[in-house]
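Questions regarding the structure given below will be posed in turn.
In order of appearance the chains are A, B and C, and numbering begins at 1 in each one.
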Amino acid sequence: MNTLRWSTFAAPSRFYALVSAVNPWLWGLAIVLALAALYIGFFVAPVDATQGNSYRIIFIHVPAAWLSMVLYLAMAFWAAMGWMLNARMASMLARAIAPTGALFTFLALWTGSFWGKPTWGTWWVWDARLTSELILLFLYLGYIALVSSIDDVVRGDKAGAVLALVGAVNVPIIYFSVVWWNTLHQGATISATAAPKMAQTMLLAMLLMTLSFWAYAFAVVFTRAQALAVERERHTDWARSLAGKELQ
Amino acid sequence: MAPDATLHTLACTDLACRRGNRLLFTGVNLEVRSGRAVWLRGRNGRGKTSLLRLAAGLAVPESGRVSWGGVDVRRASVYAAVRVYIGHANALKEDLTVLESLQFLARLHGRAHDRASLRAALERVGMESRRDAPVRTLSQGQRRRATLARLALERQPALWILDEPYDALDVDGIDVVNRLLHEHLARGGSVLLTSHLPPGAGAPDMAEFDLDRFAP
Amino acid sequence: MSAAFTAVYTRDLRLALRRRVEALLPVVFFIVAVSLFPVGVGPEPQTLRVIASGVVWVCALLASMLSVANLYAVDLLDGSLEQMLLSGHPPTLIASAKAAAHWTITGAPLVLAAPLIGLLLDMSPAALATLVAALLLGTPILSLLGGVGAALTLGLRSAGVLLILLILPLTIPALIFGSGAVGAVDSGISASGHFSLLGALLIFTALIAPLSTAMALRIALE
């Protein structure tokens, strides 16, 4: 039996237990907040003077964009922690964040496209924010591709950490260069902050949606991390007893 | 142990090594002291090469530590100068000549790299006549000899970590290696090597270390 | 310490000289790739002039990324990389030497080939001069970033394509500033802003990339 030292997997088993306790609440919070945000955003907030009803997508688009960026930083942070402190659970958390981050990036792009269509008549517009989001999606996909391609999980975790850190350091530079590029070519702009006066209710809807996305992100990332923990620690007693319980 | 004695000693303490999801070995305690040679033996796949790489400081152990003179090998700046690692792969470039390849390695490791020294080293391993031949034209045994010429450049006592040094060598080649080992040990150097065949009669006295005992 | 840099650098150059045809393949690819655009887009000089700098930059990017995939792969296979990392010299220095060698072997020839391409795409002399200058600053950035990608994907099955996916997004600022410089000159404005940014980017990359490459190499060999 090839068991590793107990101390190296005490953290994953405790993490597993913690998540099992907390997740139902997170899911509940996510759903409730989302419903509230959708209701306010679609029914309560007033019609915009210039953009009519199509601007309502903003309160999905903006929170999704925010989350896509924050999640990337979180992913880089946890990957770095896992690498520097030799903490396996931190590395697993980083891997768990990546697909969700990519999803939010895609959501931001998709809703941005929906916004652009009625406003500009095209399904895609190369404005600074959308282009940056697209590049961010590539960064996420690159991370996922790299860690999946490396068979040895420890090497994969560490290489992913280097990539995520290099990406994180470059994100401000990339964003700056894209803004520069965009202003030079005077492309179309979809800017949340350019919306003349954000109705109070719209802000509220956006805030609620952001919190909902947060709760959802936590819940789904934790679940994924749980699955990773069980898979990696499958030779250990706690993981086996877990499987045993499920089979009963 | 007297403080002086640890200074030129490689010490593996409670070493464990992982490959993929398996542990190759655990709880390895091994010392290689100045003037001593250790023959690392074990069946295929037991982790002999992994242990050598850990000793060289290329890999990170799953647990335990490897130290030279009391300092962790991954951190010891003095270690690089007193360690010679020759792995399975010869580190010779196919498109360079024997002399050029050896010169690169000598320069890289801060050893004598003038033509005279290199030619003398190649002479010792019997490769001087092929010094201007591209490595890709050499046989396996000849390439091994060319790599081992690095050992003939060594002057000071150092730790030699050799992975299958006798591999692909003919009787003469084995003789050459053994002579180099004898000289090295006589001047206070130490050796840690693996060999799937027992070292023959001409080899210096070596302590045996059986890695099979440490499989989990 | 600089002895190690020189040793690695001259070795790589010597190896490239022994395989001259292979070393020039990226430049050939560059020329072929650029030539596809007039065929695909249409040969009207006005169109070509507009897309020229972008096309040249993207093809230079791709040529660079394709050739950098093998930067460490062969050294890994024959054991040279282990020796370099065991030499006691800082791995950052080794990474810098390898990137410098890659630029000398691949990047510099791309810069030299650029005027030829400029003629093919009917660029004005001013635009051409700007393009060459921008590539002179940009191609080292590509070699440095490529080194990071090569180290991260060392020994992996689809290392080449994976490297491109990982590194291309990071090269976008260089692409924007480099190509934008030519666009500026074409529109009659000064490109000094672009060049300053490109220069700053080069310095930044030169500080970050070798360090990241060194870390990735150690991780790959663990």
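Quick note on the criterion: contacts are C-beta pairs under 8 Å (C-beta built on N, C-alpha and C of every residue); 3 or more make two chains touch, one makes a residue touch a chain.
Note that the coordinates shown come from a computational prediction; the quantities given were computed from them, not determined experimentally.
Participant: For subunit C, which other chain has the most distant CA centre?
Facilitator: It is B.
Participant: Looking at mean CA positions, which chain is nearest the middle of everything shown?
Facilitator: Chain closest to the assembly's C-alpha mean: C.
Participant: Distance-wise, how many Å sit between the C-alpha centres of subunit A and subunit C, to the nearest whole number?
Facilitator: Spacing between the chain centres: roughly 32 Å.
Participant: Subunit B to subunit C: how many Å between their CA centres?
Facilitator: The answer is 37 Å.
Participant: Counting only Cα atoms for the centres, state how far subunit A is from subunit B in Å.
Facilitator: 49
Participant: For subunit C, jot down the residues that touch at least 2 other chains.
Facilitator: Residues 222 of subunit C touch two or more partner chains.
Participant: For subunit A, write out the residues touching at least two other chains, lowest number first.
Facilitator: Within subunit A, the residues that touch at least two other chains are 154.
Participant: Hunt down the residues of subunit B that sit against at least two other chains at once, touch-wise.
Facilitator: As it turns out, subunit B has no residue touching two or more other chains.
Participant: In the complex of these two chains, what residues of subunit A are touching subunit C?
Facilitator: Result: residues 135, 138-139, 141-142, 145-146, 149-150, 154-155, 158-159, 162-163, 165-167, 169-170, 173-174, 176-178, 180-181, 184 of subunit A touch subunit C.
Participant: Given the complex with subunit A, which residues does subunit C contribute to the contact?
Facilitator: Subunit C reaches subunit A through residues 148, 152-153, 156-158, 162, 165-166, 168-170, 172-173, 176-177, 180, 183-184, 197, 201, 204, 208, 212, 215-216, 219-220, 222.
Participant: Going by the contact rule set out above, which residues of subunit B touch subunit C in the complex?
Facilitator: Touching subunit C: residues 56-60, 77, 79-81, 83, 85, 87-96, 100, 104-105, 107-110 of subunit B.
Participant: Using the touch definition up top, name the residues of subunit C that touch subunit B in the complex.
Facilitator: Its residues touching subunit B are 3-4, 7-8, 11, 14-15, 18-19, 77-80, 82-89, 221-222.
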